[in-house]
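Chain naming follows the written order as A, B, C and D, and within any one chain the residues start at number 1.
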Amino acid sequence: MVHIPASSVRDSSHVLETHDLRAYYRMKYFGIDREVRAVDGISMHVRKNEIYGIAGESSCGKTTFIKAIAAAIRPPLEIVAGHVKYSFIKDGLYELPAAERSAIRWRHLSYILQGSMNVLNPVRRIHKTFEDFAFRHMHLGRAEFDLEVKRHLERLRLPAEILHAYPHELSGGMRQRVCIALATLCKPEFIIADEPTTALDVVVQKDVLAMIRETQTEFGSSMIFVTHDLTVHANVTDRLGIMYAGRLVEEGRTADVFSNPMHPYTAHLIASLPKIGDTQPRSALSGSPPNLADPPKGCRFHPRCPLAMEICRHENPALTMLAEDHRVACFAASTKVQPSKDGEQGEMKTLEVVR
Amino acid sequence: MIAVFRDLFRYNGEFAIGFMIMVIILGIAAASFFSPYEPIDSYLVAMDAPPSAEYVFGTNSRGQDIFWQLTFAIRNTLAFGFIVALISRILSLAIGLVSGYVGGAVDRVLMSINDTFIVIPLFPLLVLLYFVLRDDMTWFVLALVMAGLGWAYDARLIRSVMISLRTREFTNTSVFSGMSMPRIVTQEHLPYVLPIVFSTFMNNMNWSIGLEVTLAVLGFTDVDTPTIGGMIFWANQHSAMVSGIWWWYFFPTLFVTLTFIGLFLLSISMNEYIDPRSRLDRMGNS
Amino acid sequence: MRSYVIYVGKRVLQFALVVFVGISITFLITHLTPIDPVEHAVAQVSTFGFSSPESIELLRQSLRELYGVGDNLWEEYLVFWQRLATLDFGPSLSAFPTPVSELIGRAIPWTIGLLTVSTILSWFIGNIIGGLAGYYSRNRVLRIIGMIMMGLHPVPYYIVAFVLLIAFTFVLPILPSSGGYEMNMTPGWTLKFIGSVLLHSILPSFSLILVGVGSWFMGMRALVSNIVTDDYVTYASLAGVPERRLVTSYVMRNAFLPQITGLAMSIGAIFNGAVITEQVFGYPGIGRLLVEAVHAADYSLVLGITSIAIIAVSAAVFIIDIIYPLIDPRVQVTQ
Amino acid sequence: MLSRRTFMWLAGTFLATRPALGQVLGGDLPRDQLLILENPEGTIKNAGWFNIWAINAGGQTTGLHQNAMDTFWYIDPDHGINGVWDNSLATEKPIYNKDFTEMTVKLRSGIFWSDGVEFTADDVVFTIETHMKTSGLRWSAPVQVNVAAIEKKSPTEVLFKLKKPNSRFHALFTVRWNAMWMMPKHVFEKVGDVLKFDFNPPVSLGAYTLHNFDRGGKWFIWKKRDDWQRTTVARYGEPGPGYLAYIDPGPPEKRVIEQLNHRLDVIHDLSPEGMFTLAKDSPSSVSWFKGFPYAHPDPTLPSVIFNHRLEKFQNKDVRWALALLIDIKAVSMASYRGAATISAIGVPPTGLYPKYYFEPMEQWLTGFELDTGKRKIKPYDPTVGKQIADMLRPSLKDQIPSDPADIATAFGRGWWKPDPEAATELLQRAGFTKQGERWFQPNGQPFTVKVMVEGDLRPVMTRAGSIIAQQWRRFGIDANIDVAQGTMLDRRGVGDFDTFIGWSVETWGGHPDLSFFLDSWHSQFVVDVGKVQPPRNWQRWAEPRLDKIIEEIRTIDFDDPRGVELGLEYLKLAAAEMPIIPLMAYNVFATMDTTYWTGFPSLATKPYTNPVSNWGNTKYMMVNLKPTKPAK
């Protein structure tokens, strides 16, 4: 068993890398193809022991992106191009045989999902779910496993009685904590958290976030944290990526992004956050997110962009490093931003593709 | 609306096939209005002719052209099933919704009535009504009677869905966000309820047409009005199966089956269109 | 626990109410029949035999006295409930003076035997194949089975039964066409008799299963294809929970629960008999008894059979209501 | 079916590996000693009940009344083994006194019940006295109406003293379909309430005793008595079958299948199409007629029966008009596919009636004139039977007889020519008017005629009613069939119908006396609509001229030749008045499989009795049956 020592915090090696990842919904009826480009060329990486946040409006492709890096691809969703690479596997995620991919799950790669009400099997007691998910990875006897689960819950300050409960007998916050316990039981290298706090009320949300932060630090896991709620990102994530219409438009250290948003979309998102003492309603962005089956040419944001220029209508801006650890894909942000080739996004230099 | 239809037709194979089947079925039903023969007249053409160019579906032992008989039968049977299903859906939806939403004493009273309808044995009731109503027991009256008796089970189903929807989190969210109840029902809940209504609509049609055939086989329907059951009734009167006149049974059966396949395909494609989850999957707006 | 007791109490009351109202309505309806049981007895005497008008009139009077029909409806109703309390439905009017309970007792084992087995079998087969078809929605074999089911499901039962009859007794005469067991056999727990009963039940039960499987299949497939997209299934499959465990404990287990209600209702409905099955296959049972009783205006017998059916269906609803909170942890007894 | 042969061939190997199904059926019974017959009563609800004297309690034609019961006399609907009249338990015909107030019966000796007790006058006296003091038995009412006292004169002679003169009292003990059966005194005298006694197992007076039966009522097996010589049929020899099984084979399709599989020797009735299938595919099956129309014509007369209490049918012109609108050839085709024996007059063309009534009537009918108000027409067409034969000959070839006498027996003689013009004239004379395409009654109402039929229970009658309604509809009358499945009996009784297809004429078949039905047509029995009309004057026709005929018949002896003369008078009156429109005989497609048994009655060679398996006189069939393959 490989344990990542806590001392390796802020290790700069990459746990996850994607390169030009494209995941499309493809439907064929009577020879007519229809393509929805939900993830369209995303290159990014997550460093060891960091929490990487992804933000964006609903239907911007966040969920599809997560599905793609989690290998939760079911038709009609397809990986069209690109690579997903984890440090704990030799080859790319999609080059791995299905059986091996399955063996990695939960041991190295686990998830915390939105909607704690519905992510636990309603007719199964919690301890059964723990068994289903983790038993085969722990290589322990039944009694030792049970002991280990209890010890783990204790560590997370959860009462052991919940193991005998059905999911509906627990409160929403408790269920989400159970999910976190479940996701961290095997001390995986990587955790994907998809809107883990969305349905919770503010007080519980705060506790749960603290717990995520704590366990992540304690076990030294890396994490992708997806939520549309920017305040959550501000509290939890180390780095933040902003997605719009299937593409990453800005990425940087969370504090940098908040203090110095360079993409007009990011700037808009941050500006529309409610602030204490506000009396005026926030200005809304005109228009709606594009139809991904037929996205606009050029920069996908240009129809709604207050700064749109001629070039934006024709060319797709490449995600360009404009400051330390801060990438932006906007022609208006800097002249350094060049049109990307064949719609490909991101600067190759910033990536060290491990093959 | 037209755009929705076009999209469904283009992108949804089930819809396209189901739609085409139903066009054919309805076309055949509509053809009855152009029939050269009165539906109840007999001995008009040669007897027992197998399917041929002259008589596409053959003729029966009563000297009737099975194709034209079938046009009437499909028209009447479809109308019959449709009326039963429509009226009983309205009843079950209304009672299920009210019971599920209002709850309490209203729910208990409605469900007691509902359960009484579930337990009353249908078959002797229908036969006795047939005895009492006699000539007045036309297929339309039969349809009304069966609609009056066929809603209870589905009302219970809709009620239980309603109860579960009422307790779902999004309902609370919507309530707190100040949405009015009718709006919550139509916008948030209907997408969950409609697929159930559609599929019970189908099952109900299937049930009522099956029961019509059962009653006809036992001779308890108005045999002067051609229906699928009525055709089977007359075929039995002439021992058509052992006489080798298989086409007298085959074509009615084939078209009943096709009708249901058509309706089934339409209903699943409609469900996919209505159900937010599968629509998202299909249209890929995520 | 206390709330559960209150819950059960309420359900008991509802059960009693439904049975009472249901049987009362049936009592009223059966007594509205325009058929006169006495006239049927008279016709039986006069149809073929020599009879003079005078003697027919005398016969009619004496039968009316004997059968005790034409009394006050309200009195009959009270007597009916008094008798029902001891499960006595009085004498049959079309097999006078044999007690109704004796006639029912003779027919009902066949009905229960045939219908319980075929209902449960079709439930299991339909649900398991339907569940698999819903889960492995792209499996070619299951898709073909699905299409066959979709095509078979709407075929009127009479046709299915009739085609099977023709196929296996006429075209390929390998199975008996009529009866519950071989002629001249004496019922008993002998191997030969049981073998004969099984042989005779093949066609009736097969026809019932063939038709019954379809609706369970369709229902289960729809349920499962919904559950498959539910979050807990997605979550468990992301977690790499082994497929067999996923299908059984996560998908099927959840989908089976609503189907249990359906099963209970179907088993309750068994006591209505299977009229067409009994007609086509000449199988003994309660359905035919009911049709004949309706024909002969034997309201004692009609009421006897329907009362049992009403009690059985209500009991099924009742038992399911009682048990459901115990088998489905989500249902709270307070609702 | 087309593929049957192929399938049979494919199944050949499979079948070779298992015993023939014929042997499977019947269990331990040797198939070559077993005769399997259809019991048209179907499944017997209360199978363990054999007390046939209690009404409506158990089965009658389960073999019980055919083979276990006996009474004084039998009249055969056909020719009989030794003449139409057979003295069964009696040794001679009934002996009446001059004014028909006493009847003496001489009994046969040496006849024993199956439990070894001898049948004597004591049994007769017990039977009659039991019926006199118990109400609600099957024959209580006629006994109570007629019998003042019964005396045992000797062990072989009884004397009935009647309450009033009755020249037809012996009919109560004369089997056509059934009659009053004798009770075993030694069994019933020990019974408290006769009405509640199930008589299980029955003690038999016939040649067979109960061997086994299905509690579910699907089959009853009877075994030949070892002492069959001590029963009345022994006079004609030993019954052939060692065992009889009366079964419920199911609907017509299944009867066909069962006979094709040789698991049903005698079919009671079929649909015409089922009959044709057997004629075509089952070489071993035989029927009453050697070829077309196969069926045995029952001595009943299916007719269009008017409700004379309705104003619209009270004018004979209207009834005649409706008769002239019927094309009997189409009715024959629609109902029986041509296999009908038509009749224009008020008795069925069966048994010996062609000789007694049809031949004498033929000339009168040919000359019969009908006044339409505008002119006189001769409506009778004596060639209709021949026309039907000619119409069928192209498709059925030599199955159709060409000899005029054979045609008359098979298809009947003449009928009324369809004459819409005369019908129009008749209706107009009756005050009916035609407006546009529709006819209206004198009171201004549309002329509607409902034709009540029994649906599934009598398919052939339903088919006849359907085509007749169609023919009337074509003429502009609003006519439709009215399916009264299950309620026909009740509606017929209370007069709740316009017209129906059924019969109010039923005869002895072999004997020319018409009292069997005609006595009940006396106007003294007619009741108002709403009250139950006693059988069989369902039309409620009240006619003084008919009353006179009936009253005279009551005063003459059963065998008096004057009876036939009076019968002819009735026929002429009925033809002129058209109280019912006679259509044809009730043809029953009784079909017999000769794989195991031969000697079944048939018209051409052995018309000794009626093969229809539920008739009491089929006991005479058993003594004529011989195994097809001699016993090894």
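Simple rule for what comes next: a contact is a pair of C-beta atoms (placed from the backbone, for glycine too) under 8 Å apart; a residue touches a chain by one contact, two chains touch by 3 or more.
Which chain is which protein? Per UniProt: B = ABC transporter permease.
Predicted model only: the values in this text are computed from it and were never measured.
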item: Any chain that touches chain D and chain C; value: B
item: Centroid comparison with chain A (C-alpha atoms), farthest chain; value: D
item: Pair joined by the larger number of C-beta contacts - B-C, B-D; value: B-C
item: Interchain centroid distance [CA atoms averaged], chain B/chain C, Å; value: 23
item: Intercentroid distance (Cα basis), chain D paired with chain B, Å; value: 45
item: Inter-centroid spacing, chain B versus chain A (mean Cα positions, whole Å); value: 47
item: Euclidean distance of C-alpha centroids - chain A vs chain C, Å; value: 55
item: Multi-partner residues of chain D (at least 2 other chains); value: 1, 251, 253, 257, 486-487
item: Chain A: positions in contact with at least two other chains; value: none
item: Residues of chain B engaged with two or more neighbouring chains; value: 127, 131, 218, 241-242, 281
item: Chain C residues within the chain B interface of the complex; value: 10, 14, 17-19, 21-22, 25-26, 29-30, 32-35, 150-151, 153-159, 162, 166, 170, 215, 222, 229, 265, 272, 275-276, 279, 290-291, 294, 302, 305-306, 309-310, 313-314, 317, 335
item: List of chain B residues in touch with chain C within their complex; value: 108, 111-112, 115-116, 118-125, 127-128, 131-132, 153, 163, 199, 203, 206, 209-210, 213-214, 217-218, 228-229, 232, 241-242, 249, 253, 256-257, 259-261, 264, 277-278, 281
item: Chain C partner contacts - residues on chain A that touch it in the complex; value: 70, 72, 75, 102-106, 110-111, 113, 115, 118-124, 128, 132-133, 136, 166, 168-169
item: Touching residues on chain C, where the partner in the complex is chain A; value: 138, 230-232, 234-242, 245, 249-250, 253-254, 257, 328-330
item: Of chain C, residues touching chain D in the complex; value: 34-36, 39-41, 43-60, 62-63, 65-66, 92-98, 103, 106-107, 110, 165-166, 169-174, 176-180, 182-187, 279-280, 282, 284, 288-289, 292, 294-295
